[in-house]
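Labels run A, B, C and D following the written order; every chain starts at residue 1.
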Amino acid sequence: MSLVVKDLETRFITRQGVVYAANGVNFTVGDGEIVGIVGESGSGKTVTINSILGLLDPAGRVRNGSALFDGTDLLAIRRRELRRIRGARIGFIAQNPFGALNPMLTIEDQFYNVMRAHRRADRTEVRQQALEMLRRVGIAGPERTLDGYAHELSGGMAQRVVIAIALLLNPPLVIADEPTTALDVTVQRQILDLIKGLIREGQRSMLIVTHDLGVVAQYCDRVVVMYSGRVVEEGPVAKVFTRPLHPYTLALLRSVPRLGTEVQGLGGRVPDLLSRPTGCAFRHRCAFAKESCAVATPPTAAIGPDRAVACVLDVEREVPALVVD
Amino acid sequence: MLRRLIIIPISLFFVVAFSYALVEIMPGDPALAIAGNTANEREVAIIRAELGLDRPFDERFVRFFTDIAQGDLGRSFFDGQIVSHEITRYFPASVEIMVLSLLFAGLIGLSLGALAGYFRQRAPDSVARIVITALQAVPEFLIALLLIFFIFYLWRWAPAPIGRLSLTDTYPPVVTNFLFIDLILAGDWNGLRSTAHRSVLPVATLAIGTAAYFAKVARATIGAAMSSKQVQFARACGLSEFKVLQYALLQARGPIITYTAILVAALVGGASIIETMFSWRGLGQWGLQAILNKDVPAIQGFVIATGSFTMIVYLALDLVVAALDPRIRHDRG
Amino acid sequence: MSLIELEHVHRTFRRPDGTVVYAVHDVSLTVADGTTVAIIGESGSGKSTLGRLVLGLLTPDSGRVAFEGKTLSTLSAEEIRRQRARIGVVFQEPFEQLNPRLKVGAIVEEPLIIHAPNLKAEERRQRVSALLQEVDLDPQIAARYPQALSGGQQQRVGIARALIMQPSLVVLDEPTSSLDLSVRAQILNLFGRLKQARGLTYMFISHDITTVEYFSDHVVVLYLGRVVEQGPTAKVLRQPRHPYTQALLSARLSVDPSVSPPHLPLTGDPPSPTRLVSGCPLVGRCPIETPECARAPIALQTKDEDHRVACLRA
Amino acid sequence: MTAAESSPGTLRAHFGLWFGLTVITAMLVAAVFAPLPYDPIKPNADAVLQAPSAAYWMGTDSIGFDVFSRVIEAARRDLPLAFGGAIISAVIGVPLGLATTLKGRASEIIMRGLDAFQAFPLLVLAIAIVTLTGNRLEMVIFAIVLIETPRMMRLIRSEGLAIRESRFIEAAEAMGARPRRILFVHLLPNVTGIILAQTSIAAANSLTVVAALSFLGIGVSPPDPSWGVMIQAGARLMTSGQWWVSLFPGVAVFLAVMSLNLIADDLDVIFERTSR
């Protein structure tokens, strides 16, 4: 399994004007890898996965780029073919389980609908498989859960159901959009552990979108850092989080409160996506910005075999190391 | 659930009190106003006694309520008919036109609205919006006139708007007072065809006007549902677009059913004028005539009948919504 | 001196369907002048209700809430209103807490109009300007509407409004949780600076233990409306005694990939606050529970001077 | 200026608003200033049922009235009735609606009563009221107010309740603002958009009610024109081909009602966006 996203450009046509949401996004998810896309609001991380899965609002348009999923370009194929891939070959875990589950249908019906969208299967067969999936995601009374409705579940249980639906057809790739943001803190860990276990166990790959650096540090193999609709840095988590090379990654990591040191925030604000960015979008907030940063969009340069940074600085020399007490 | 049932008697009280208030708001001597200028002293006195105007207010009020509680709505001033009998006689025709137009309005309106909601922010949506906005702005009697002009006068597709059967047809023996049903019971297939043909224009009139409102609410609710997380998740699971639209409809049906109740109330009003224009001889036409005749007992009967009718429709649809939603269904138990 | 005192405070809510939510259950605590006390808990723990009780926006069903030595329930409506000049509040939602039809200047000066009606307009304007500068905003911003500002700027406007009457206490109800990480840090630093400069007391309501650890002197841990542990931050978060506090700490994810997260002791979800449990609220999720835990209410016990825990096995 | 206010697409984006305002303004200006080619209440017996022509732009009816002159003359009667009714409904309905957002059993009962009222066929009610009270013009306004005020109240109530729950109201309470200040500074400015939009819808509805009433010959005295009366005058002629007698007043009603609805739609969008 591999997912290769290249030069993805997505725009939204709104009453206020054109919103440049993704402006050339490049990254790869390799076989068996868990990749985290991290970024703040407006960085384009959710737009990126919605573009890949064909889930954009009617106002959104993919203008350019490709998303090769095992060689098939998800952005170029017919909607019918994309539909066959969604759910069967790519599982999706939504942010808020109560938003994602249909309140009017029993949980069993929702399993059944997903199964029937891809395979011929009768109800008893689907029920057996659903029960099996529910047990695997750690639901104690799977029969009762199947016969009930979403509103009868707690947040953690509902998210387990969503995970079970996402993995029902044994997809090799799972895409998760902030899978624990809506849950209580003590439940988040349980769900993340569960997801990671299921991914590893099934030798699947996962793309996980989050704004939580801790989730990336603890659960991902590689990280893609986004800012203003562009990837600014990509690489193995172990390297990026200990020696960030892009000034934005550095600033993000410095923003995490640590006892005994003053946290360092970033001045300024995220640029307005209503105008097409010229030059480096981060330069107004960057401590190391030069005049040349305003001239052209910095190209993405490979650093060693497995890292890439989009910055005009000589990053290894000019960007200081992250100092942790 | 219990709360909903408690509201019925309260609402009915409001309806009856309101119909009573209608006489009270008549300026000067209501008896004189009703009898008209040509009436003599004795006629006025009879009306006054009939209205109970010679008795004190509180006595009249209580009397009014007890009479109604016993199903006694009095007799018409105009033709002396027993009002409650007249209502049961004319009501079925109104139900027929309303059910038929509601059916067609729902069919057309919901399809148009669903189309617009599904393709929100795209060309079909824009076209649907224009159609909805335009249709909403045409008063029903004007729709009727335009339909008569084009379909009857210019194209001769429909018969003249002069009743439910032509002059050469004979009315079937009365069994249920529903003309369609009575014709079937009598086995009069020619009559059935004739009345169906004559129903086209009035039903179309009411259906077109009402369809715009159905379309409006369907467009809004389905449009919102289409951009919901539920629909997004359904799509992400590879469900077909047909199934996805079904999911959106599941979400939208509650508000649409609730809104239907409001449309029924509006339809009763619209039907009065349309029935009159097409000589439909239903409750609406009868009630409108009663109003124009200042036939107080008939007006009161009409207001109470239509008010209670819409109230019951409200309640029934409310129960349907509750029964369809598992969240409400389970809270009750 | 203690600025706030709560004694055996209870507060319930009735939902439209008739069920009762036990939001705050038998809570007693004090907040000393000049400190930052963090109230930490998950959704449904009652932490926001606690904040509103202190603000006087809610009244307790039973128990006593006192501010600067005065019991709120004994004050008249007018006295409570005057009292509110002494307490500022900043809410979680940067934008929703600002009236979209008022300009920033009008928003910040509103407490002055209410509490100091005799102040001249020019004087008010100057104070607003000075305060906007103090929270690192360009005073020009006073002429703009809040919807034209970024989340961080909006939150600064909220802070300026909370401070303009020079209150002794500021209630911070999750003031940074809906902000982006890079902005959050700036706001936290601003809070620290303002506290030093003005000698403020903070009541800091949060679900994020990392921020609490960084920011507060004292911690009160709430679970299902009850205090399960409280004490100085250093003690509570370095040597947590209650299994729930331990769970909160181990649920935290380090941004250092080389530090793997500790074992998570808790299972399951927090139960619904509509059920009134007689014993320890953690029964059912706790790794060390005994049959005794479910039997009777468990009082806070002093463990180490000012470190108090409500656990039989701690 | 926010990005929204200064964006170049405003006029195109709010086509409905501008179209509606233009039509309504044109109608009002015509009603007040336009010189009428013929006397609207003096028929010309020599020109009966003339088709539209250079002399009679919209033709003449079966008595010899000039349709064009009467369409404009009717606007002088119908528009003030509809606008007057709508504005009075707002003036009464807004304070009452806001009052019911204050907690209390009384407001709950009032709203239940209004719910029951909504169940009436309101058009029939209007007809009954105007007829029984002696067919006077001011009773048309009374009927409109009776119909539209509860609608205004319900809307303001639901909107008001939502805003009452919002954080900035809580913040105002926390800073010690008195109820009057909360009402006038925080609540009212945030429902202005809804009030304007609903008043526009109420005017559209009222226009339809006025037209329906006068179509039935209620509320107007014979020689005076009203769009509904004129449509009625041409109703029978529809089946004999003289379409213009009904069509032109019909178009007038249609344009006015549609314009008011379009204005309301766009007002909703505009106010929704600037507050979010």
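Convention: a contact is a pair of C-beta atoms (placed from the backbone, for glycine too) under 8 Å apart; a residue touches a chain by one contact, two chains touch by 3 or more.
Given the structure is predicted, the values throughout are model-derived calculations rather than measurements.
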Set of chains whose contacts include both subunit C and subunit B: A, D
Distance-maximising chain from subunit C - centres being C-alpha averages: B
Pair of chains joined by the greatest number of C-beta pairs in contact: B-D
Distance from the mean Cα position of subunit D to that of subunit C, given in whole angstrom: 49
Centre-of-Cα separation between subunit D and subunit B, whole angstrom: 23
Computed distance of Cα centres, subunit C from subunit A, in Å: 32
Subunit A-subunit B separation of Cα centroids, rounded to whole Å: 53
Contacts with two or more other chains, residues of subunit A listed in rising order: none
Residues of subunit D touching subunit C in the complex: 1-3, 166-168, 170-178, 181, 185-186, 189-190, 192, 274-276
Residues on subunit D engaged by subunit B in the complex (per definition of touch): 16, 112-113, 115-125, 127-129, 131-134, 204, 208, 211-212, 215-216, 218, 231, 234-235, 238-241, 243, 246, 250, 253-255, 257-258, 261-262, 265
Residues of subunit C that touch subunit A when the two form their complex: 42-43, 150-153, 180-189, 192, 207-211, 213-215, 247-248, 250-258, 260-261, 264, 266-270, 272
For the subunit B and subunit A complex, residues of the former touching the latter: 119-122, 227-230, 232-241, 243, 247, 250-251, 324-327, 330
Residues of subunit B that touch subunit D when the two form their complex: 7, 10-11, 14-15, 18, 22-23, 25-27, 33, 133-134, 136-139, 141-142, 145-146, 148-149, 152-153, 160-161, 261-262, 265-270, 272-273, 277, 284, 287-288, 291-292, 294, 296, 299, 302-303, 306-307, 310-311, 314
